[in-house]
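Two complexes, one shared chain (subunit A), two partners (subunit B, subunit C).
Showing the complex of A and B:
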């Protein structure tokens, strides 16, 4: 069969395949951010964590030869960054938003600095699982080559749902994020819970970062993230702080991100940069649509300082 | 374990230079309700927070059933069966009642099977005299239901000493009776001891066995309630013989012209649901109309909508012209307000006293010349208002933070009531104020009325309301459900309407 035989289906297929690929880091970062925000803190620094994770993951994969070790290293780097954020914000009168912004700068800076020697070499990439074996159409095969981390992300969304709703620790996390007074009255270690939640968020964001550099074709460059860590914050708001929603929202953002390349792939080359801006436009539109003065973030964790 | 006897001995607690508790001792006898009476800032909350392990006193011992215990954290208090129902509820708003009960348990379960958990909780709560829905989010409960849920939580946790911090401020009289009556029956049966923090004498008299009066961090009077008269308690509370409560100024019949008119007002709450529903009311010149109601029935949204702080549907007119709360309209129509928590809602806390006193007129001569401020005139105005309203402050340039609650209120009264007031909107104006500042607020409100202003007073304190107003409107679930002249008002009837019952 040749390319033309599937005709107009090429475009949705390319978008679907792209959506799965682009959404994977979104799933990890947004669920990480969700866990942090559920504890009552916002970590804007995940953009920096993402870059750091991408660099660390690529570096360790290159040095050790195992991409999965790279993923772990990325997660640990993210955890360390989460710990820094968590500790700094535990100091009285320190503002979590400001710390987050400074960590974006620090994280990208560190990643660029240590990543300089990694631009040339080729590190082993994460395996893909080919779900397109039944088809002989190359577009179908290309779209169905799904990275293993994507499936981990889906499992993660459900695991976090169960954690938040069906475990004692999950309820404790929500208590701390929703009402500090209540948490203190119950004797919960508020600061410790928040620090741990920020570390967990950093761990997941680091893994999301490793996907950027270790998924097919796999390379490290300084333009890898392009703001996905920041968009994840909007994504969490759009998902109303629910992990299953975050999974869907990530796919939507991924689809928007895949729009530009997909159109280019079928030969539409005009307005390339405009289509590439789709995820950012989507972010803006969602923020406008999902906020209102009359009902500011009704589902938001009570201690989150988004709307004060 | 049955009802414990708890004794606090020589408790002393400092916050910086401020002596919050000065050698206070307190004996809670087994199976009794012990009332703690005192003004705001007298140390009642500090004392009980030491008892639940929230604060650590510099000095003093706590004995439970004669054995000494150190309480380092709320967990230690838990272990001794001491539990507190806070004034600002400590239920987690976004979780259901059942989730709140589970999370408050001594041990957090690893995995929760909600089906069997709900069954178990239903068994436990079935024995209680009041019904609380288990699978409803706390944020959707009324204040009264939250209070009950808090008490259910304490009993579910097997607490034997229950501390109630001003529990009736959010309850209708009937609910208060239900809740406190139940606590009292439990103490009588010897299953519970209780501490009741209050500033209402009739409550203390009705539900407490013993009473201790605190003033400025010291215990000034203690004994059986039956042995102490109201006058003796009041004197102990404020430290001087009491002048009579609000003297009702002779009422002049209100003039016929309507100042404030609200028609078919609909306002949404923070959660996006309607909080005020098709509300209409009118206030005439020279009358105080009071809105009674349990907190959370749309009063806050009503006030914010009137003041232009919240989107709304419907018409609000003042003296015949439409009112949207712009600065121009406020000055032209003479609309002023006394909001609750004046430091937060009527002042800019980091600006100076003089600047705060000028917030209403800084943009008019003589306080400004062109675009420049005239600080000389500002100081002159501040000096005059401070003298006239006896505001005590470290100085005119002191930041508003440095003033006590009563003096913040006096400053706000001075600023609002020296304008040409034709409509005054007062919303829980005495919430959290001391005795003297309350009295002063009442007097100034009545004076404004006598000066011809129309006054709309929104208050959750029914006693305060009935003492001041000419006409009572009862608000429940966002609507005015009852209206009666103050002279013919019956507290029980009003209470029923407050609770949302139709037939009285």
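Showing the complex of A and C:
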């Protein structure tokens, strides 16, 4: 046990490490939500999907011994939930926001119910990639243990960018989200696109949940999520519906979340409630700063019922 | 109340000396035909590796006693739902004793139910009974900080970096008492030891608890203690980082087979049996029941494999001295971490001293702020 203190250097290290460790679920859930919202629907139920994914991922990893199978199962559970949301919202005069909120409750309840026998057993965790081999400082090594899902998340952000802006299907998705009438005129299957987009969003949110239970903090418990699913929906608006921005917003949010514990760690012991609120204050501040009076919904998909 | 309250200390000591078996067998034999139904409410999950689990373990032990039937309900919110749950236990299952194990159940839920059902005994964890409240209410709690003191001694013996880390939820008086006791114990081994505390700000925040643990290890702490509702995440993260750990509430040895040293555990079966006994005997419940390690209200987890013989001996000696009354955790001279004298030399605040109820300082040697 070679422990050395590196004092104040811990702070940037903790923020960086925190950004990497904490942000992964935000990346997945926010990009998933972004795909759904681009189709013109909002799925607030991703908090429930996240919990369900966390439970399903942990359970399958425990039963099968393979954490990657767990990740897949989490994604599939999320897809199923996305399908439920997509189908229900396709019924006329059904409100997507209300369905989303009921899915939060349902998802959390199902996760608690099926997760009961999973609290005690220890499931195999996702391996992390050690990028700290160049350093002899144990703290740097620990901060550089990065989970593979984090890199998948970064690639995903760019892939979604390319998909939305450079492919025919991406154009179809955006058309459906921007103007239902135009999409119908072009002969696009509006409902099918929306259902598929919600399923894709659910798939990614489920994977985000599996990161919580299989990597960091790395076990299933009922208090696992502290609102990550809800915050991710806010991050999409914050990122102005752009996937690369969503990646940045998630990293920023993760890093700011590490600030509270890290500051107490280096001896700034007061005001920890304030520092713990840093991610939310930051989000509010940037949102206020980035508002525009002239075109408040410039980037929002036209069919999104946020502003009606 | 005209009756002289029964002598708790001698009763408990008798219980402790003789072991609980003869006492329980006695009530079992006398009342075998009419089982005593006990209803227990938890605010969270029974398997949280934490506070609720410590109660669930006591409930499991209570179930094994002859002549006692236990009904449980988990995840009962601290709202009107608690009253509905208690009422259901009383009217449908015929519960004669209700054990309400979460702080928020007391006011107004236990108070209202106790007034409505004067024949049922209510025992609440952590509440404070005051004159004027219904007579059928008992409140119990345990001096967990005595066990934290012993954990601190073990941690103090085991640390090489002379720096201990502590992840705590909120600076409530009960938690502060435990944090201080842990530090006092560790520093009784070596006054050079420092304890760094990080408050997460809430009772259950797994991601932030993991972050706090990582930060403390980065700062050079080689023993991490947890004082949150469910210490599983903290202990697991410490184990992943290859450092030692001290648990809280119930034993977390399973999740850290290498680094788990010991932990401060509640032993709720003792107060449970006290209240079961008073219902059996037709007595009024003890209104303000508080006790510590000497009355078997708290205990320490069995030592982990790393704990050295010296550390074991020191911990066992401290336990014996606490039980014998020759050792008092809060003994003067004691300074807080701002340099003020909080307990002058020669003054001892024994565990049942109500002066400790409103504790609002961290002792010397702790890096942190209330």
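Basically, the second predicted complex is superposed on the first by the 270 of 308 C-alpha atoms of A that agree within 3 Å, B and C clash if a C-alpha of one lies under 4 Å from a C-alpha of the other, contacts with A are read in each partner's own complex, and residues count from 1 in each chain.
Going forward, a residue touches a chain if its C-beta (ideal position, glycine included) is under 8 Å from a C-beta of that chain, and two chains touch if they have at least 3 such contacts.
Owing to the predicted nature of the structure, the values given are computational and were not obtained by experimental measurement.
In the superposition on chain A, A:57 contacts neither subunit B nor subunit C.
Contact with subunit B, but none with subunit C, is seen for A:299 once the two complexes are overlaid on the shared chain. Among subunit B and subunit C, the chain that touches a larger number of residues in subunit A is C.
Using the contact criterion defined above for the overlaid structures, shared-chain residue A:181 touches subunit B, although it does not reach subunit C.
Legend: residue contacts after superposition of the two complexes on their common chain; A:222 is shown touching subunit C, with no touch to subunit B. Contacts of A:100 after superposition on the shared chain: neither subunit B nor subunit C is touched. When the two complexes are overlaid on their common chain A, residue A:40 makes contact with neither subunit B nor subunit C.
No residue of subunit A lies in contact with both subunit B in one complex and subunit C in the other.
The part of subunit B that touches subunit A in the complex is made up of residues 52, 54, 73-75, 78, 84, 86, 88, 90-95, 99, 102-104, 107-114, 268, 270-272, 310-311. Residues of subunit C touching subunit A in their complex: 44-45, 47-49, 75, 160-161, 163, 196-201, 204-212, 214-222, 229-230, 232-233, 236-237, 240-243, 254-255, 367-369. Contacts from subunit A toward subunit B in the complex involve residues 166-169, 171-172, 174-175, 178-179, 181-182, 184-187, 292-296, 298-299, 301-302.
Of all the residues in subunit A, the ones that touch subunit C in their complex are 1, 3-7, 10, 13-14, 17-18, 21-22, 112, 116, 119-120, 122, 139, 142-143, 212, 216-219, 221-224, 226, 228, 257-258, 260-262, 264-267, 269-270, 272-273, 276.
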